[in-house]
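Presented sequentially are two complexes of chain A, the first with chain B as partner and the second with chain C.
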Partner chain A sequence: MRLLAAIDRDIRFQFRHGFYYAYLVLTVLYIITLRLLPENLVHPALTLILFTDICALGFFFIGAIVLLERGQNLTQSLFVTPLRLHEYLLAKILSFLFLSLLSAFLIMLGGSVGGQDLLWFIFGATMSALIYTLFGLVFAARAQHVNDYFVKALGVGLLISLPIFAYLRLFDTPLFHVFPTRATLILLDVLSTDYTISDKIFSVASLLIWFIVLSRFTYKRFDRYVRHPA
Partner chain B sequence: MKTPVAVLARGDLRLIARDSTLVMAVFGPLAITILLFFLPVIETLIHTKFGLDLVPFRLFIVSFLSLIPGMLFAMIYGFIILDEHDEDVIDFISITPLRKAGYLTYKLIMPMLLSGSFFLFVIYATSLIQLNLIHGIGIAIMVAIEAAIGTLFLVAFSENKVEGLAFSKVLGIMYLAIPLVFFWNSSWHWISVFLPPFWIAKAFIHSQASSIWIWGDLFLGTAMHLGVLQYFLRVFLGRQ
Partner chain C sequence: MIHVNDLHFAYGSNAHDTLKGLNFNIDPGEIFGFLGPSGAGKSTTQKILIGVLKSYRGSVKVNGLDLKQLNSEFYESIGVAFETPNLYSKFSALENLEFFAQFYGGKTRNPLELLAAVGLDDAAKTRVSDFSKGMKVRLNFCRSLLNNPQLLFLDEPTAGLDPVNLRRMEALILAEKEQGKTICITTHDMHVADTLCDRVAFIVDGEVSLIDSPRDLKLQHGERFVDIEYRDGDSLKTSSIAMDKLGKNDNLQRILAKHYVETMHSREASLEDVFVKTTGRSLQ
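Up next is the complex of A and B:
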């Protein structure tokens, strides 16, 4: 119940601050782009749109949200209520997941894009959105300013996005298998590309492991720097 | 005695160095410059790997990428203003001799100077296209004003940094004017005439074609940029 209330609060907050309007505009633009592209480029374009923007939107916004809440001492007040830290964090990642999935669904509907292996795809999109927001939260816990957040988060963000080169068939190395983004790209791309079952299972396992590791790490960082700041 | 601007600049530099904004301010534009330096190599690589010839699109790629640093500087200064707004710094400054107008002037001049000079550096250091110097300076002026427009766009309509971030997503749409001008082979591309980068794209094309229309682009484009800037300025000052 508390979790639902927290998610509701976060979604309202995002709505009030224009996220839904911004993504409505972007969703329409992405649909138009997909409709204008030649048939053979639609699926790769969808994968890149989801990978670089829609699934990563939590990563982009979470820094400023946490900074604003910390600046207004909201986090301090929140943690004297019965709300638990894990509920606070879950509400953050689930509220962004809602916006990501809504936007992704509308883009695919508007662009008439579908394909095979839809369940693998939905799992990939969901886990990626959760993991990206968790990544953002890790850096948001200690950031001092928005620019500070972006420097640190984007630095690591760019680094973990390196498997995009493998996706574009420009450069590949077995090292990329460690990156969660490799798994994301495979599962977002299953709609139109035949991957082996071992590739898909490996990607699912990779995203699950990253999710567990990042969840624990984020919890520790928030416990130390946000709930009990020195 | 230090002038208020010197004090502000020192404060900003300390802020930039401390919270590593400098890394983004340097890394972003530097990455674009490196990308452009290696553009011929990338073109060859893509041509051999995918059989796709990018050379005919070089003018588009250069004009599009050369505007990215301006957008980055606009965002960096926009976020500094939003942070300072959320921390009530602007209210404190408004009662100092610098006043709010002085503060804003300084905060807008910095992204303008950085964007204009970086644009000229990128265009003439990479020499990927031959751009007449007078035309280049004219376009650089528009690029500089566009950075101030970007900064003001983020702060004029937002209550705080979170809303500013949502606006930064929408800011990117402004640059859609460039592909529209280059690739929409219909007079319908004029619907993007109110987006400032429209005039920069037109200026690039007309300068390369040695068309007389370049002067119209530079004159009308600068006027359009100044008009948009003044509108955002009025909105921002009206809301304070």
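Up next is the complex of A and C:
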């Protein structure tokens, strides 16, 4: 009940701050772009759109949301109610997941993109959105200003995005398999590329491990710097 | 209700303690006030009592249970109004209260009735961003009452209120006390402490220098005299008369019999006088 209330409020909060309008415009633009592209470029373009924007929107905006809440002194008031910290954090990542998946679904529907291996693809998109938002939360926990957040988060964002070079066949190294984004790119690309089952299972396992590690780290950071600051 | 022994607290890696060995008890059903200037440690003390600041030293017990062992269930039974109103600015007053009410497992109070009690019923559907500071303070107070808490923490509850709403707020706080609630107030407003509190603790530089009832403090530190202003023909005269054996004082009897008395005041100290005298500091 508390979790549902928190998710509902986070979605309404994002709606009233214009996030849904912004992504409606972007979704329409992406659909138009996909429809204008030659057929052989549609799937790679979809992968890049999801990887760089739709699944990563939580990473970009969670800092702004947390800082907006702090600016209105809301985190303080939420943590003197029975709302648990894990419920607060789950509401944040699930509300952004909802926006990501809604936008991704509309883009695929509008761009008439589909294919086999859809379950792997959905899992990849879901886990990517969750992990990106968790990365954002890690930095949002201590950020004092939006600029402070973006400087730190953007640096790490660019670093973890390095496997994009492997996807674009520009540069590859076994080290990229440690990055969660390597797994993300494989699973977002399954609609157009034949990956081995071991590649897919490795990607799923990698994303699950990253999710568990980041969840625990985020919880500790928020407990220390947001719920019990001293 | 609350027992605090030898409470110390330092922010971060600060070598100096913000709180330096506080000792006090808050009894069930009383309004207990922390009175002190800005930066004295009032809000820090309150943040420890509500479980926000954990890394304190010493003992804090609420209803016999150590505060460090309490879990989120603790928040079912307390209400907190921070000094800075903490509300969703893009949501209406009613939406704010309905949202926070969903976090409580027990029965919650009717948001519309709470808004009516503080005079915000007409603004129930107005966005908080359009509220004045005083309206936000009143809405913040409503939020703290949603779960009908037995223990209420109010940080500067009358800051930014006009005289009419100040009186309304004081009456509402006293009404909560009448229902058996225990209320902890932090304030630098001497009038609030004097009007509302059963007992006050003077706190300066992280130390409690004195705890007593405002009435007793004012009597202990006052002088036992009555100052009278009266008319003698066209001139205004004053006289100070010792309160001991006042009924047999010839001067008082003469003034009362022959002159038109305009004012008559006993010379007890003001709470601010006592504060300055005891702590050597002003409340501002």
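Here is the rule we go by: the second predicted complex is superposed on the first by the 230 of 230 C-alpha atoms of A that agree within 3 Å, B and C clash if a C-alpha of one lies under 4 Å from a C-alpha of the other, contacts with A are read in each partner's own complex, and residues count from 1 in each chain.
Throughout what follows, contacts are C-beta pairs under 8 Å (C-beta built on N, C-alpha and C of every residue); 3 or more make two chains touch, one makes a residue touch a chain.
For clarity, every value in this text was computed on a predicted model and none was experimentally measured.
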Would you sort A:Leu67 into first (chain B), second (chain C), both or neither based on which partner it touches? first
First, second, both or neither for A:His17, with chain B first and chain C second: both
Touching A:Leu154 in the superposition: chain B (first), chain C (second), both, neither? first
Figure out whether A:Leu170 sits in contact with chain B (first) or chain C (second), or with both, or with neither. first
Could you say whether A:Gln144 touches chain B, chain C, both of them, or neither, answering first, second, both or neither? first
Let me test your reading of the model: by the given contact rule, A:His228 touches which partner, first (chain B), second (chain C), both or neither? second
Give one of first, second, both or neither to describe whether A:Phe59 is in contact with chain B, with chain C, with both, or with none. neither
Considering only the touch criterion stated at the top, classify A:Gln76 as touching first (chain B), second (chain C), both, or neither. second
First (chain B), second (chain C), both or neither touched by A:Arg84: second
Which parts of chain A are in contact with chain B and also with chain C? 17
Sort out for me which residues of chain A touch chain C in the complex. 1-2, 5, 9, 12-13, 16-17, 72-74, 76-77, 79-84, 227-230
Flag every residue of chain C that touches chain A in the complex, lowest number first. 9, 11-12, 50-55, 72-73, 75-76, 78, 80, 82, 84-91, 99-100, 102-105, 143
Once bound in the complex, which stretches of chain B touch chain A? 15-16, 18-21, 23-24, 45, 49, 76, 79-80, 82-83, 86-87, 159-167, 169-170, 173, 176
Report the residues of chain A in contact with chain B in the complex, numbered from low to high. 17-19, 21-23, 25-26, 29, 60-61, 64-65, 67-68, 71, 144-148, 150-152, 154-155, 169-170
